[in-house]
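Below, each structure is written out as structure tokens.
Two complexes follow with chain A in common, the first pairing it with chain B and the second with chain C.
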Partner chain A sequence: MSVQAWTYLIVGASFALYIGIALWTRVASTKDFYVAGGGVHPVANGMATAADWMSAASFISMAGLISFMGYDGSVYLLGWTGGYVLLALLLAPYLRKFGKFTVPDFVGDRYFSDTARLVAVVCALFVSFTYVAGQMRGVGIVFSRFLEVDITTGVIIGMAIVFFYAVLGGMKGITYTQVAQYCVLIFAYMVPAIFISMLLTGHVLPQSGMGGVLADGSGTYLLDKLDGLNVALGLAPYTDGSKGMADVFCITLALMVGTAGLPHVIVRFFTVPKVRDARKSAGWALLFIAILYTTAPAVATFARVNMIDTINGPDSVGTLYEEAPTWVANWEKTGLIKWEDKNGDGRMFYAGDARNEMTIDRDIMVLANPEIANLPAWVIALIAAGGLAAALSTAAGLLLVISSAISHDLLKKVVMPSISEKQELLFARIAAAVAIGIAGLLGIYPPGFVAEVVAFAFGLAAASFFPAILLGIFDKRTNAHGAVSGMIAGMVFTIGYILYFKGIFMTPMAANVKENWLFGVSPEGIGSIGMLINFAVAIVVSRLTPPPPQHVQDLVESIRIPRGAGSASHIAH
Partner chain B sequence: MSQQPLNPKAAEYWRANLRLMAILLAIWFAVSFGAGILFVDALNQIQFFGFKLGFFFAQQGAIYVFVGLIFFYAWKMNRIERQYEVDEE
Partner chain C sequence: MTSSVDLDHRQPPFDLLSVDQLARLQRSTDLVYFAAGEASLQEGSASTAVFVIYRGRFQALRITSEGTRENFSEYGPGDVIGAFSVMTGKARYTYEALEQSLCFAIDAAAFLKAQKDNPAFAAWFLEGLSAKRQMLAAQDRPGELAQAMLTRVGDAQLAPALFLNKDSTLREARLEMKRLGVSCALVPDTQLGPGILTRTDLLDALALDDRSPNDPIAPLLRRPLVGVRPQEVLFQALVSMTEHHVERVVVQDGAQILGTIGMAEVLSHYSSHSHLIGLQLARASRVEDVRAAALRIPDLVRSLHAQGARISFLTELVSALNGRVLARLWELMVPAPWRDQICLLVLGSEGRREQILKTDQDNALILPEGLDWPELNDTMIDFGNELQACGWPPCPGGVMVRNPHWRHDLSHWRTSIAHWSRSSDPQALLDFAITVDARPVAGHLDFFESLRATFFDAARNDVVLHHFAAAALAFHTPLTLFGNLKAGDQGTDIKRGGVFPLVHGLRTLALRHGVPDRNSFRRAEGVAAAGGMSEQLARDVQQALSVFLRLRLSQQLETARQGQTPDNFLRIAQLRRLDRELLRDALGVVDSFKSLLRRTFHL
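What follows is the complex of A and B.
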């Protein structure tokens, strides 16, 4: 069978599975719609969280980024896993004990203020829309490259599938589809990785293959060979990297704290039955994530060695273009690889300096990896199904946050508190449907700044939600004035710094180079400083204004103690 | 400020929780920001199978420790909660 036939078969089967689950999990109450009835098993929730968290970027782009960044790529590996430790220790159990539906719920109740609630709603909407646009784009790209339909059709098919299970099944539908999507995506990621690891190093586990000796009989360690290749091609050694230490530190911290502050991740911990399940579930989530996140750096090294060997040839003089393997031509058609014969010798050559003749998109390291390693057609088809699973699962989780922020936090809690549960559920479904439409439009007509604003999403979550939630649990003295001024100070500083260097809606005011950065911290890492500003402002302002009312202090006492946690509900205690 | 804890042992429980948390967060910081970033050059002088040790922590090692930390915390907190009688019924 051809690659395309396999792709239709595997992607079609996975879609049929998601639709089946959607029909099985239809819901009738807001509690089911927002938090899946609060009865999700911790291991299932861990899997769903992993799928929710691992987006098109984790699946398609991350290994490629690391492949080109070497040691510097560690910021993603550490940053996007370390946040779960913060989540499990500092946030998840207490938010579960608090037992409402959304993050703005907590901020609004803890700080006893609709202003705080609205600031939280705005942050949640901004972060989620930014993110979801990228996912729908990812869906479109996978469709257009593997199934050869145009991006618009691809996005519309993706929207229809998500619409089906998110609008019908709410959180319940999303949770169980995410469990299935995790299985699809991890299988799709591991199979080629294991194949290539065995071919290249003889190790079955890619994680140990990465530190193994090459199977070509040279007796050289894979990483030593890569360091050597990088230096010979005019780049920094693979294992050294070239970013400043302060910058690596701050980017890692911003990604970790941002992860812990992302509403679509936090809300998953409202769905488990007990406080102790929230802790255990965070452990399972990270374990499931770690399987992909420890494989990704291995895939990055394998793909890089294979790619350089194929393009530059075994004796590093370049491969004749006519003799190039078919994947080069295949991916040239999509524009992901470009060759420009600068020295006119008819040979392709990749290097980090003036000798370079290749333009290689980072995404190709995962998407074309099975072809580069000559793997069977069904393995190539798996990549398409896995990329779609990763993008759709994350999109669905984000759409739920958007829908609940509008129907629950905005309409029910602020604008029209008198609506019945049935009406609220209807609004939730309408909000989800509208959000899917907007997300689809953003996927079909992507604004030029999508990639740029991802730094925003993490920086903002780090500089706004995380300090407000953490102080809400651990510092009884923090009041509404402190929390609101802290969130606003953190956000204004972070947005201001990013706009200053990146422009986005205007011309940047300064060149985005190390010499201009504050303390050598790039816009990607500035959320860390924004977070510190938020903490400082919140603590100082709270001390200068009256303490929170007694019932709020009692609320803080009660969320610290696991005893007495019912399942997540509407009813105020 | 008058505090009326739900359980007489609640304050002690909270201190035990904070102590455990401080230890685990210190380890969290040491394996990621410490071994993987601040001291990466020094640790890279040590060879660990085919890896330089600092590079290994930055790209794999720290993640394994993170997983271990969360499961240990979940297990230990269940015991602490029973000890101070604040566990869920």
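What follows is the complex of A and C.
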């Protein structure tokens, strides 16, 4: 069977599985009253959380970034893993104790202010939009390759699929569907990684394969070979960093704290009724996330070695275009690989300097990896199913957040309180459709690569929510004025900085190079500076204005006392 | 008098008759002709026959005093008109043929005889009337789903109000009452508010308290007045009397007193015995008497339901009676010093005032701190046994006063409630849910008020409510993809499919919006007023709930009559077409309501 036939089969089967599970959950009514709340095992919930967490950025993009950035790409690994831990330990338990589901609700109640709620809703929308845009680009890439269309058509097909899946299908947060999605995506990620690891190094585990010796009998370490290749092609050694320390620190920090503001993941921590089970779920989720995250650097390394080998040829003089490997030919159709014969020798050549003739989109690395390694067609198809699972599970959760934020928090509570339930539902669907439209547009004209787009989303979340949440929990003196002005200041600064250098929908106002950056911090990491500004503004403004009402202060005191978080002394009955 | 065409024996309700009964009816049946515009029956008249339309169409209408015609429903072949008039002696409408029509005319006496001979046949007409009235009511008041409108208080025969000066003497009072032929007098008082003096009080004062006929009446006055408004249905008067242990209430429109209405007048409109049960309870001096009264409640339900009483009235009346049974038993069975120190709570459906047939005894106690009463356990076991004898089956989950787990002091209750609300296991959620509906009925009633804040405290947490609300979505609404009714082998489980999602959802919404009411119908109003759902949905939910309760009650009464244990399954095939449609619409409302819950509680 061809790759395409396998893709239809496997993607079709995985979708049938998700829909089947969703229907089965709906039909299987519980036998007893009041049992709806319990019943999901922490392991299952951990998988569901991991599926929510791992988006197209994790699945499709992260290894690609590492592949091209080398050591610098590790900021994404550190940031996202650390962010999860931060969320699980520092924020989720308190938000749960406070009893509010969404960040805007928490902010609105804690600061006792509808203005604060409104600002938080707007920030949440902005962050979610950016994040969905990243997913849409990922879905578009998958479709463009496997349906052999250009990326724009791919994104449009992706939009339609996401709309049906998330908006009309009502596939929101059904735990077992997400468990299935996790299984599909982790299987899809691991199978090619293990295959290639065995081919290249003879190690079964990709994690150890990356640090292992090549299987060609040369006795060279894989990473040494890659460093050598990089240097020979005029690049910095793969294992050396090029980013400034401040920049690395800021990007990592922005990714970490930005995580806290991602609304769809926080909700996952509340869907387990018992606090003890919620903690176990968080632990399992971390393990399930780590399986993919620790494999990503290996995938990146294998893909890069194979890519350079197949393009430049074994003797590093380039491959004749007529004899180009099939993966190059296949991906050329999507427009994500381009060859420009600068020296007119009819050979393709990849390098980091003037000799380079190839333009390769970093986001294709994970998807193209099995093709580059000449793996069987079904493995290539599996990757497509995995990428879709990752993008869809995240997009569905986020679209739900966006549509309910617009229809409920914004329209029903603020703008048009008199709308009926049916109108509210209609507005929710319209909002989701518009969100998908805008996200699709951003997917077609991306301001960066998927992972970078997502990094912006995290940066914005870091600059807006995180200080409001953290001060809300730990500083009872912070009031509505402080929180609102802090969020606005952080948000405006961060958006301004990103626009200044990246120019989304407009020409950048300055070259996006280290010399122009503030304190040497790139737009990806500027959320951290935005966060510091937010903190400073919030604290100063709060001290200059009257303190919050006494009952709010008492509430803040009580949130931090662990008593009664759910595992209170058992009472016999 | 034989007609060439026979009554269709396959068509309801005639299919209920035996061959003999039908034959007898057939012998007294004529086929009659009406020209277009001709009336078969005049409003207010007593009909000599019941008409079954064979060919043609009729229109029910009323002609107002100004001479304008108000049209109500239309009738076609197979419909029965004039039964109400034959049964009550008074037609509600004028029925006019819209085109040339042929009708079977069943002689009134034969019809009544058939009803007497065949209770099922009679019941069909009683129920059928209520359904028809519902249809009419729906047309009268567009937007409101059908609910039987019974006679209004203002339409009933009121006793004129006799006003006396508060300085009047007993003798003057009695003379005035006698002159007007009334049994009570009203006495305006700007400071204390109006008071009422009944003939019984007056006679007691003279005969038992050694008052002189020249004493002033002021000390004998009772306050405050128990009043009903003229636009309220008569049934409400009955509920008020039962609830306040009085036999006469004042009818007032705003500040204006129109007269008084007594048990006797109300009862002339009902063939029920709720007052008798009430009287019996009031007089009961022994547990056996209470039991005898309590055991008569199901018959009352049956007869009121057959008369088409609104389901929300029925639930209120029954819960008022049940409350009095419990209070009376409490007084009789719990000795004096303890009786007033302990608070008896009813939980669950009884707490919500929605238990029509006694399903189980969900009750609990709030004890005073450090209660030292060694006989507590024995007394409560006796109390529980007596409740069982009065018709309340024991609670399978053990939620009963005889169970020490349901007897706590206030601080223990608070801890338990906080714990249940945060716990996820089904038992804790169930305990929390039934306790949220708790209502104090006897003993130290004030205890309970301080407990209520605990519920609303727990409900401030959205995460708690999220898990609590989830139960309302656990069961699938029994509708197919195309909106048709879905039934299993046993029928449709209406508790899972309709009642529970609405009741539990309203309970959760009420908690979230701080609505203190316990009754589901009131909760719907309260939640809508607090902005938790639209007025439209609140009305739909109320109507859907009463459809479920009414249909379930019909079937439970029928099951009980056949000597089986009533369950929650509706046998769809046995429902009339109108009811099937109502049920389908009501289940549609459940789906809309569930989607509101999903959005509100992030489910």
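Brief remarks on what is shown
In this text, the second predicted complex is superposed on the first by the 446 of 573 C-alpha atoms of A that agree within 3 Å, B and C clash if a C-alpha of one lies under 4 Å from a C-alpha of the other, contacts with A are read in each partner's own complex, and residues count from 1 in each chain.
The rule is short, and it goes like this: a residue touches a chain if its C-beta (ideal position, glycine included) is under 8 Å from a C-beta of that chain, and two chains touch if they have at least 3 such contacts.
All values derive from a computational prediction rather than experimental measurement.
Look at A:Lys274: by the touch rule set out above, it reaches both chain B and chain C. Of the two partner chains, chain C is the only one touched by A:Gly99; chain B is not. In the superposed model, A:Gly82 lies in contact with chain B only, and not with chain C. Shared-chain residue A:Asp554: touches chain B; no touch with chain C.
Which of chain B and chain C touches more residues of chain A is settled by the count: it is B.
The intersection of chain A residues touching chain B with those touching chain C, taken from the two complexes, comprises 274, 564. Partner chain A is touched in their complex by these residues of chain B: 1, 3-7, 10, 13-14, 17, 21, 24-25, 28, 32-33, 36-38, 40, 44, 48-52, 55-56, 58-60, 62-64, 66-67, 69-71, 73-74, 77-78, 81, 85-89. Note for the complex: chain A touches chain B at residues 66, 71, 73-74, 77-78, 81-82, 84-85, 88-90, 93, 207-208, 210-213, 221-224, 239, 245, 248-249, 252-253, 274-276, 279-280, 282-283, 286-287, 290, 293-294, 297, 547, 553-554, 557-558, 560-565. Considering their complex, residues 26-27, 29-30, 32-38, 96, 98-102, 105, 267, 270-271, 273-274, 404, 408, 417, 420-422, 424-425, 428, 564, 566, 568-573 of chain A touch chain C.
Contact residues on chain C toward chain A in their complex (touch as defined above): 405, 415-416, 418-419, 422-431, 433, 460-464, 466-468, 470-471, 473-476, 496, 500, 504, 531, 533-534, 536-537, 592, 595-596, 599, 602.
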